[in-house]
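One structure follows; several queries about it will come next.
Letters A, B, C and D name the chains as they come in the text, with residue numbers starting at 1 for each one.
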Amino acid sequence: MAEVISGPQSTVADKGPSLLSMLWRDKLAFSSAIILLVIIVAALIGPTLLGDIATQQNLRGRNFPPFSLDRGWAFFLGGDSLGRSMLARLIVAAHSTILIALGTVAVALTIGATLGLVAGYAGKHVSQIIMRLADVIMSFPSLLIAVVVLYVLGPSIPNMILVLAITRIPIYLRTTRAEVLEVRERMFVQAAKVMGATHTRIILKHILPVVTPTLVTIATLDFAFVMLAESSLSFLGIGVQPPGITWGLMVSQGRPYLNTAWWLAFWPGLMIVLTALSLNLLSSWMRVALDPAQRWRLETKRKKNV
Amino acid sequence: MSDALLTVKNLTVDFHTARGTVHAVRNVSWSVSRGETLAILGESGSGKSVSASAVMNLLDIPPAEIVSGEILYEGKDLLKVSPEEHRALNGKKIAMIFQDPLGHLNPVYSVGWQIIEMMTAHGRPKDLARKRALELIARVGIPEPEKAMKKYPHQFSGGQRQRLMIAMALMLKPDILIADEPTTALDVTIQAEVLALLKELQAETGMAMVLITHDLGVVAEIADRVVVMNKGVIVETGTPREVYHAPKHPYTQRLISAAPGKGEIKLLDETSPVLLRVEKLQKTYGNFDALKGVSFNLTRGQSLAVVGESGSGKSTLARTLLRLEDADSGHAYWKDKDLITIGQRELLTVRREIQMVFQDPTQSLNPRMSVYDLIAEGWDIHKLMPNKAERRKRVIELLEQVGLAAEHVDRYPHQFSGGQRQRIAIARALALEPELIICDEAVSALDVSIQAQVVALLDGLRQRLGISFIFIAHDLGVVRDFADTVIVMKSGEIVEMGPTEQIFDAPREPYTQRLLAANLDPDPDVQAERRAALTDA
Amino acid sequence: MNLKPIFFGALMATTSIVPALAQANTDITVVLSEELDLVEPCMATRSNIGRVIMQNISETLTELDVRGDKGLTGRLAESWEDLGDGTWQFKLRQNVKFSDGSDFDANDVKHSFGRVFSDQITCESKRYFADTQLTLDVVDPHTINIKAEPAQPILPLLMSLVTIVPSETPVEFVREPIGTGPYAMTDWTAGQQIVLERRDDYWGELPAVTKATYVFRSEPAVRAAMVETGEADIAPQITELEATNPETDFTYPNSETVYLRIDQTVEPMGDIRVRKALNAAIDREAFIGTVLAEGTELATAMTPPTTLGWNPDLKPHAFDPEQAKAWLAEAEADGVNVKAPVEVIARTENFPHVAEVGEALVQMLNDVGFNASLRMVEVAEHEQYYSKPYPEGRPAQLVVAQHDNSRGDPVFSMYFKYHSQGTQSGVNDPKADELIEAATAATGEERAARWSELFAYVHDEIVADALLFHMVGHSRVGERLDFKPTIATNQQLQLSEIGFK
Amino acid sequence: MIKMIGQRAIASILSLLVLMVLVFFLSRLTGDPAVLFLPIDATEQMKEEFRRLHGLDLPIIQQFWHYIVDLTQLDFGDSLRKARPALDVVLEAYAWTLPLALITMSLVVVAAIVLGSLAAFNVGGFFDRLVSIISLIGASAPDFWIAIVAIVVFSIGLGWVPTSGVGTPWHWILPIAVLFIRPFGLVVQVVRGSMLSALSSLYVKTARAKGVKNTRLIFVHTLRNGMLPVITVIGDQAAAMLNGAVIVETIFGFPGIGKLMIDSILQRDFNVVLAAIMITALAIFVMNILIDIAYSVLDPRIRN
């Protein structure tokens, strides 16, 4: 079987094309990146820019139907049940939505991955204790955690993050541990050991980078999950509550109007789906782009070099 | 060649990759007749397997594209028949066995199931298939066929697995058997047995055999004709003797001259001081004694080879010396410090002085680190060379020392060939200026020509820098070229130890003799003599 | 612990039960919003339980007529008279049998009350007798004297709240309620359904409905859909968004009153101008027909207009933002910190669109210059803010609350909400206390007049709170039924009132 | 194997105990059940009586001790709201959740495996992309949204199935369909990925060289190998389902454990919450053992 010889003599450029031009070449990933970028920008500047429009009520002009410019661009996506601009609210809601989702994923990832690294690398006993702890968290219903935290600590975005993060920790923990158990037996880890590398160094420099892509993939999948979980908590009355505003809350508040004013729940639902979809597409692209051994798949076609 | 059973004519196959089109093979033509063994010899990347894959319809299209050519079997062009027709031929008329039978056997089904399937897939009744399977399993020399049928691939040894693969291939008495590197992963003694088995079976059934290999020794032992491939084209065709004794193409000449085991044997410098004194090293895994009290000395600048078959304990020896495993008992004095018992702090110093080069550079180099990071990592660990510019200069020096160039500094391992990767691994070992480098099968995964280069590189380093080597290998040819002292191990014990010359020319122990006898010589005449000698005896 | 039989049992059940659609045409299905935890007669004043058992399974001595204007009528008591000194004598109906076959007599009444007041069981109806000591005295099998200490002018009305059980009933929650009513419970499959079947030996007129099956769905859209598809006949609680079909959907006042409870002890709410400003800031009309259903009425009292002593002269506070701003400015000039933060606390799921109401209220308050913010809390937490003792160190809090009084007399509301000792009271006003105590002790015309006076006082004089709306409920009734929901449907759903077209 | 199960059992019982202690104390931080059980106008005396009747007036440590003592006789206490043994309440709910979870998961597994495998075999093709996009959208759409739209379309609009309830098999169609979507979306992705790598394994080459048909190649040779990582994900999803499908149960009036759990938590019915959590944990523990057994059945290498 002829291999594509990728020896130095066949590699024209050292670093290959920039990440950006690689992204441009994958149209799906590129559009995903654009969508995410727009959402992030909305999340950052939305509240300051549109905060007033988003809260401007008009009880007598409620549930204004979408796709009409009669009341200006702000009502192009319709108005909500208090006559506020859907578009402005979607943009403003991006802020807390992304904050909660990002915060949750970041906290769960950090704690889960750290415990997972320890559990995978340390001896059997430490590992067992950590794993059983994960079991306990897994069996602890997130709803109860939500009620406990919200009752004892009060509802707030950091507390929401806490509630959601606790329930997601085991996923990262178990994945990381499983990967570490495999990676730590790899030859290059042994090689580092032979050179005298400390445990910290082996974990951080050799194991973590190999585990990271898997974690990133899970994190992107989880992002959507967290947005939906937050929405479900709102639905059950123990999540974010007005005057807070997230897409999940908007979906759950729009629920009674599904028959009469579909756009109340549809747009925020669509935003969640779009974000999830874009993240997934971008993350599968990133998995390849950030792996030096696979990056060539995204590079331009080269002349044959055998 | 009118009586040819299978003919490949002017076959050109391209691979379309994201990096452009690669001509995997160009204008390749060969044929094989009933009862004949054709060897296709080539190194990795030569395209030696492509034509056989095309015969079996195993090429993935795309990315592969068959540009031109034909493959004639029984008057039909196999490139033109329908997939269904082709499927009916596979296994039934043309069977194939592969290198690494562990990977090529399905891990979750019993071997019996897999062997029987060869016949049931082609519509034969199951009980008939079962009977035939039992016969063949017995024929290829697996004890207790009934029991063996129920076992899974991982429960057999490598040699047994290859025998089972052969049994499977022969289920439907194929006209042609294609063997792709069938003995590469096996110990020399097992390799000899498997090749002998193939020859016997060929004699019994009269099938044609196409043997794809990189090993001149295998060609010398078994082939009737050989085609030599390089970079997708056939450079030479002939009988093994013609090719070996009078290679016409420069590539063939280079290949033959690179074959190990022909160089001058080195002598030990008896005056050097002892660097490492190993005493009664012992290590047990469960019920398995990996090391049963191994003792030897190593002097400065010595190159000590440890040879033995799989399971002999040679790798465990390396791992215990490096404290990757803890020995159960025994000592290993390194400059008066016992490697087996010293504490972490002292161990850190030792870890600078003793380095290791692993078998597979693809795995021993972290794929996510650049060459610079890989080589400089040791300095990070031991807090040496804080100056960045100096570091970079030194990395480049090291790269040049192992035959690479400054421009390679920022690349990643996957951008290099296997030989180059091993050079990077060696550069990494050298970066800490060690006094001893332990090479665990460091050249086994490399092509012959690359192997010779790397061995020469190591030898140069030994002479110039006075580094000692413990060289663990199963390939006796390489050992003969590199070592001045040889330890022969078997079942965790040292069977024989002595100067290379004595071991190779006058082995004392029967096991050493057997090992040497099983080692294939690239010269077909030598192999023929040995066979004659064996039949006489 | 053997799950197997239960598991397979459930599987069998799913395949063997005939579809609910195929039933006799005098059988009906009622879809309720939540499952009953208990089917216990002494808990019948809890609306979700009362809806199933009140006057269907278990009956009371007296009954308040809400369809006509007959006022208080007898049910198990034929007549009653005030013997003076707090004692009332009740003549009981004869030839009444419990569904277990035993006869109803005065001892059953005595036992029923004894059970309610027992400390071995937590009965809900006990709360209506908070500080009243009752002594029951059986005169003969069909006559009983009930003495209240202190004297209780509305004792006959209170008798409409205690269900009568046989004297054999144990003093613990029962799962198979026995009553004198026209129906008996024949099946209770937890989580799925409760079935009542008509008793042929009922003492009164036999109702038209022969069998009623109660099922439970929390989603209003689903409840409405079930009547639409014929899977159910009555959905007593749907939202105005579903109530779109004039043929089947009824809107009626449901005796719930929504108001903002003002805690006058925290600045700036102690100042009457601030409370007036607050009332003037709210555009009550704007809610009706938007977030709240058409038919919702503006409230001027804690209790609905059907209650004794309701004061027709009271007018809702006018929406006048300018005046509100002026009052606030005036208060501020006098050193009242009108900018102090004000929390509007509402309970999730308290009533439909509560969050939207809360958001709109906050917006209106802030429009006139309050510094208000909304806080939506869960039921247990809401309770902390709504009932005494109030949390220490709290900011000014306006609790959005809904109060239900369909009992006909303000006594069940006014003490709790306006007396300085009331559990949910934010008022500490000696005159209000006095008026409440006087009205509670009064009878007849005087009682009505006293209540009227109190209503006017708290609404106009002290502006004790911001009364908002008398809410409406919506029910969907299948077209084959002849039934019109009333204000009482929230508390009870008498199957005997249902006819067929 | 048996030894391993034994070790797992001991470890799980320990986890169960930790879980119980945590839930017991944490749930009691969330407020007083008396105020929720009794009407808002209830007197303080009534509340005290309620607490006394249910032992809630005792010091919390003493409450815990009583609970432990009862538990040793498999008495999980009575539901505060329903005045019945908490265990009965929980088991009744389980009798609904278990078949719902089993049926849904079976459908998910079968559909995800078939579609995921075909997508992997046809990688990059139209079918592959279709499956990927649909599963991703399905996995990220809010479920109560899907549930209500499904009722509007299939029950009210088309009249094919009943809106809600559990009476007949027809009643199960919508809840199962809605519950199916998210796990399917996740599992099908994993199947696809796992099959993709399994299909590039060397033994597939051997099978092709043997002349094995494509369908057999996918569903016999590759699938069993590709299933190993899939099982873990299936296990996670099944565990989530054993915790009850709160939203689906709430909307479809399905009397399962999820609805019971949320109701009990909101009403502070501690004994039911505890019993529900412990029974769920037990079910998950049993399922984990089944998964381990499935592993060793599928892969002979794990058996030793």
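We take it that a residue touches a chain if its C-beta (ideal position, glycine included) is under 8 Å from a C-beta of that chain, and two chains touch if they have at least 3 such contacts.
If you want to know which protein each chain is, UniProt gives these names: A, D = ABC transporter permease; B = ABC transporter ATP-binding protein.
Keep in mind that this is a model prediction, so the values were computed, not measured.
Each chain's centre was taken as the mean of its CA atoms, and the one lying most distant from chain D is B.
A comparison of C-alpha centroids places D closest to the centre of the full protein. Put simply, the C-alpha centre of chain A and that of chain C have 46 angstrom between them. Chain B and chain C have Cα centroids lying 86 Å from one another.
Computed from the mean C-alpha positions, the centre of chain C lies at a distance of 38 Å from the centre of chain D.
Residue numbers of chain B whose C-beta contacts span two or more other chains: none are found.
With touch defined as above, residues shared between interfaces to two or more other chains in chain D number as follows: 30-31, 148, 152, 250, 266. In chain A, 147, 151, 237-238, 258-259 are the positions where the chain touches two or more neighbouring chains simultaneously.
The full set of touching chain pairs reads A-B, A-C, A-D, B-D, C-D. The part of chain D that touches chain C in the complex is made up of residues 30-32, 35-43, 46, 49-50, 52-53, 74, 79, 81-84, 87, 89, 91-96, 98-99, 148, 151-152, 155-156, 159, 162-172, 250-253, 255, 260, 266, 268.
Those residues of chain A whose C-beta lies close enough to touch chain B in the complex are 1-8, 11, 14-15, 186-188, 190-198, 201, 205-206, 209-210, 291-293, 296-299, 301-306.
By the touch rule above, chain D contacts chain B in their complex via residues 201-203, 205-213, 216, 221, 224-225, 298-301.
Interface residues of chain A, counted against chain C in their complex, comprise 55, 57, 59-60, 62, 81-82, 147, 150-151, 155, 237-238, 241-243, 253, 256-260.
Contacts from chain B toward chain A in the complex involve residues 15, 17-25, 44-47, 49-50, 53, 231-232, 322, 324, 347-348, 351-352, 354-356, 358-360, 363-369, 377-378, 380-382, 404-405, 407-408, 410-417, 420, 425, 428, 432.
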